[in-house]
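Every chain is named by a letter (A, B, C, D, E, F, G and H) in the order it is written, and numbering of its residues begins at 1.
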């Protein structure tokens, strides 16, 4: 299929449709509203469900009800809106419901701003809601990857009966890049959704719930869902290496659009004869723990430099991974400011003792 | 052209900045190049300055954020003040001289003045000013083939015949104006 | 001839399980459960019905009804029901909510679901108090009524008057079926049953959103015996909460 | 002759049926159930008219009503 | 003042009053509702404000408005309710408003159960809301400590103009212990609250907000609040050591009521001639990073055993702190199950190769 | 004699700053700001007033009013106002909210604040659309009205009828002052001013909660010139949203 | 003789005042302001009656009205 | 007494279990001991079993959770079945024989049968059954001084004279019954 130029938000919306998610609930918020506006036009064409809810609190819970049918359903929002969905996400994780949630992150805290940021990493990966649960988190760096990961997200949500998040900064939502959609979307087979609420006809009534007043039962449920997380950690780790080589003294760790900026910096440095490599986590939970540890452990690496559009959130995971093996340094801008390749280069040169 | 070329287009909201940038991006794709179009967004778009950056490259494009573009096309005074200083040395500046009654004294950039609104009004549609500038940009850079631009415009803005004709007309006018301006000078 | 051998004229509806409920003795939640179950039986809807349980004393409703169930976050049952029904308009969906759940934390969700005309049924159990958490003030608590968070009685100068939900919802321009009933006496139970059954009939016909407000007792937190509680309901709650039909959908066709 | 069966297991001794019965033939036992309730019982079966008001009122659906045909239909339900 | 027997929830409520927080907004939820019920009676006596809001979403935002007056204000809730306050907490952190929030944690995720748990550690310490911000978190182990830390919480909130959380498991809320209140509560002097909204009389209008559309300004605000966090990390770390000695081969790390259970286990083991020590963080953010690292580094310590009423949340911080210095092991029960001293002893013995 | 030297009969109120607003040309948010500011001036309240800004185009209101301001999460302004006013009943508090902010996400907060009778004033700016986010459907959007999330026009069969907030709030039993006005013509602006001033007067007297719904234009997202927008408002919005007083508090004393 | 002063800096050229003026003496300039708007101006000062309707209508409070005393009070405001 | 003593009281909601436990805890404080009172809580309290555990100690009290208490006072059959097996060997079991018509065959615990409801009814207030058991517990253990318990009851339940008298009466009856029962046997 030929490439089309698409805005990230629209590409994500189209990708979801092609993954069979013809059910969408939303509440407008910059910088992701184009997802809703695109689907408001497209859904009727594919006979899907488009509904603007009264708030993100409601939308989060509409997802719960919709997911209970066994059909694919999703929503998209941005930082403050996602905060309002945390109770629902915790409930859906507890009730083991597959749903996909896209967060096009903006600067925070509070109302903050509407420009690109990566400061919802903690909320997405550690669990902004209450209780013991995890959400599988994917972070695209290009619009094409946003398309591919969005489609994958629905598969993983069904596979693990767990909420899956796709998080990108504002640029992922707003920029246009050429994208290609698979002619026909094929995915590995999934078990039938016998857990879905389809009416107690010819079978016992079925309950989708997170309440277990008996602590034994609640612990059982938690252990059950954590078995799934263990499996995710074994099977769903995704990442990319860029120009890693034995010549490198510094390993950059960065995700999403920020990682692309690092790539530009790396290319520029290369032209200056300075070789630097990048480790780009694509799955933020499960985090590429062993893979990053292996890269960081290589003898030629002297320093690990984490770069984020935040005050330092993924940093904590990098610290856990690298431990004392190598010093872990951090550079970040926040509040909607996107570090330029020049700034990144400056940081690296300083570490190499070549700073101006 | 080899490597990567970056251009920022800036002006008032409503001057067709975003569209002009997108047309350029579409053209890039048609010619098999990698492109990124990144808009400014948010409430400040109301009335205030709107701008977008287009990156066209043969290689995989890294940062979509461009602080120092190879070229800037400025449609109003605030944009002139904000973006002209940022252009890379050796770069290009296209100024909408209909609304901007000043020029840059930077000697390290090529400057082309295009009376865009005037051309558009004369051609019969004030809204086509953005296309005049687009034409001039393509003429000055040869970044893409002007015929490809035409095809894209026909595809994207071809609904109303009369409007299309105006657009194609001012596109050529801008293009030729740039060629004439550069004369012997190699393109930037 | 032994009783069992005789024709049974009143038995447990099929849509109820055999479970003994956790409700306090004399709590009329049990009666309301039965009325819903009987309606599902009589309309033959059980096998394609999904209930949405609230957070409240009836949170365990899913153990007592013989149909599929979702258990919702506090106050959000109408949002779950919306999500489900929009994807499965062929199924029957009802929410069962208390007054704290629906009228306090769930105000936005019920108003908007009703205003969108979502085609599900809400059974709104108004006992003028937060039962499950041990008797705090609800938006529906009567003036002067003593609760653990209004120990001197509800002071309307400070926290306002009780909210009448059906009256509030009746102002919405979107078609709906809205009625208030009570279950404090056999006579009222019979009327309540008719209303609940009618609501499900409307839903089956895909006609409109329906909400039946059922005045109910909470002997435990009212600090009364079940019998005293039904009397108190009759003498105090009903005067403030008139029982009648507040809205019906336009005749099919002239919608 | 109609009559009722009261399920000890479900009865919580709320006494609402006692109040509801027009014949006043229901009363509470002196015995306590496993759950700790004094349960309802019929002290004068002969006078039961099978009106179902007791069953209608019971929050715990502990009462079933039976009849050999003759019963007073005081209302339709 | 003589000791009184008080339920944790009531003691916390009384402590707040004595710290001058005569303004309380709430929404009922087990197992902390007694805080509200107690204050419904007490507030009128002290001429304070008691208001039951319509939801935790509303309550979180009532706190915002109330804190803007410059007066001391607080609320209490339990896990699901706290999830609903995350947007407001993010806003208050961004607007630099002092408020105290008590979370008497119950089993999750979702509705979960009502029995004691510690599974909101991530939400409290990493930030359940969106954006770059932190909340100062204190975790009492006894009712007396709950009283002391609650009073301290109001001081710290004012000192740093930041939300402060006191988190305890259900037992902290439900159990009764003898407590003593200071005759007269004295605290270090605090700067006047010139930031409070008191009306633009004789001064410029003043705005309390988290919106900064200009990314430069938003980053400035973030850097400003992170300066405060750096100061907290320097000055507000709190912890307790129990029976740490050179004889120990194992160091337990546990907080709140769970730490008390560990103490019983330690005492019992001591009587069996097995010496084990405990590190109890009292401030969960700022985390006693250096202090724990020092204890874990001691040569005689072979293993660090983290014990929580969760599937392992504080564990991640302990891993960051200890790194490769010592193996970090974990034991936890979840969903409302409270590990018994016997279970803890069993875990320790297994580590010591003395397991049954 | 020069104009400046003459007596000024209309000048910028003291309660407004000199800032040029970010509002689109012809957006009547600006008119409504001025009416509020004039009321504060005339009642001499500016120095003890705190405004609460919503999330919406008027989020930056705090830059335009010359009094203290809080900036609220989307829809929660009534909760902030409640928290503030309860602690400082001596101060004047108002929220300024759009229709998405108040009638959609903020439904529960406004209903409960009104029902508790919180003694603050709400200026409810109804422009039948989400302005700031670029023209999505609001609960107040008219039947058939085209927005970016109702590209074929609002389909009332699918999403229900527009919500009339004052009518809904008027059903609450707690005393309040509720009126709907418009600002699409000088005549209406004069009436709107009177209503807003009256609301603040009630608050100063500690009488009741007050909410003034002001019908306003959004030329940008309606896709109209400012002049067309005022006409469209007059011809389309007003017929569905009657302008009148819906509720006034009982005479002081006989409350 | 009354008259109005229009603040170019605040005017956004919405033309609402032009429509509001009963004397039809306001119109839009051909010049564009720094913000890119054609601003309002008075083309026939002599006929201004100082009624303030223009100022009342201006969303940007760009208009101040002055008078040397004589003015038509068409309404109280 | 030295070290730590733990007792669980259990019965139906409404049998005054929690109050009895709290009275014991208050008494402990009065005598300068460390105490913890931990209730069961939650919806299951409705009708179902309610129970609480009181820990009294001279040392700082660690775990408030007690799986195997030194003693259990059971007020109804479900509680008997649930808690009697958990009592530590050498511990004490007090059975409300008015409602429980069975006894434990555990030989490693001391068992005392108290017809609590009966005593209370005879004394004129059925609700005082919990106090009878409390008295028996104190008599059997000597954990605290019976006079201190009296003082606490006077403070906490002293509002209504007649009720107070009943409570003090059944307290003594329970106390003496336990003493008589143990006779020579040392207290547990």
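Quick note on the criterion: a contact is a pair of C-beta atoms (placed from the backbone, for glycine too) under 8 Å apart; a residue touches a chain by one contact, two chains touch by 3 or more.
These figures come from a predicted structure and were not determined experimentally.
The chains in contact with chain A as well as with chain G are B, F. The chain pair sharing the most C-beta contacts is A-E. Inter-chain spacing, taken between the CA centroids of chain B and chain C, is 64 Å. Computed centre separation for the pair chain E/chain H is 35 angstrom, with centres defined by C-alpha atoms. Once the centre of each chain is set as its mean CA position, chain B and chain D turn out to be 88 Å apart. Shared interface positions of chain C, i.e. residues touching 2 or more other chains, are given as 23-25, 59, 71, 73, 104-105, 107-108, 112, 132, 139, 159.
Annotation for chain D: residues touching 2 or more other chains are 12, 35, 37.
Shown for chain H are the residues that touch two or more other chains, namely 42-44, 47. Remark: chain E residues 57, 79-80, 82-84, 86-87, 90-95, 105, 107-115, 117, 119-120, 122-123, 126-133, 209-223, 226, 310-311, 313, 316, 319-320, 323-325, 333-337 touch chain A in the complex.
Chain C makes touch with chain E in their complex at residues 55, 59, 71, 73-75, 100, 104-105, 107, 130, 132-134, 136-137, 139, 148-152, 159. Residues of chain C that touch chain F in their complex: 104-108, 111-112, 115-117, 139, 156-164, 167-168, 170-174. Contact residues on chain A toward chain F in their complex (touch as defined above): 26-30, 33, 36-37, 40-41, 44, 50-52, 54-57, 80, 110-111.
The touching residues of chain A, when paired with chain B in their complex, are 3, 5, 30-31, 113-115, 170-171, 174-178, 257, 260-265, 267, 338, 340-342.
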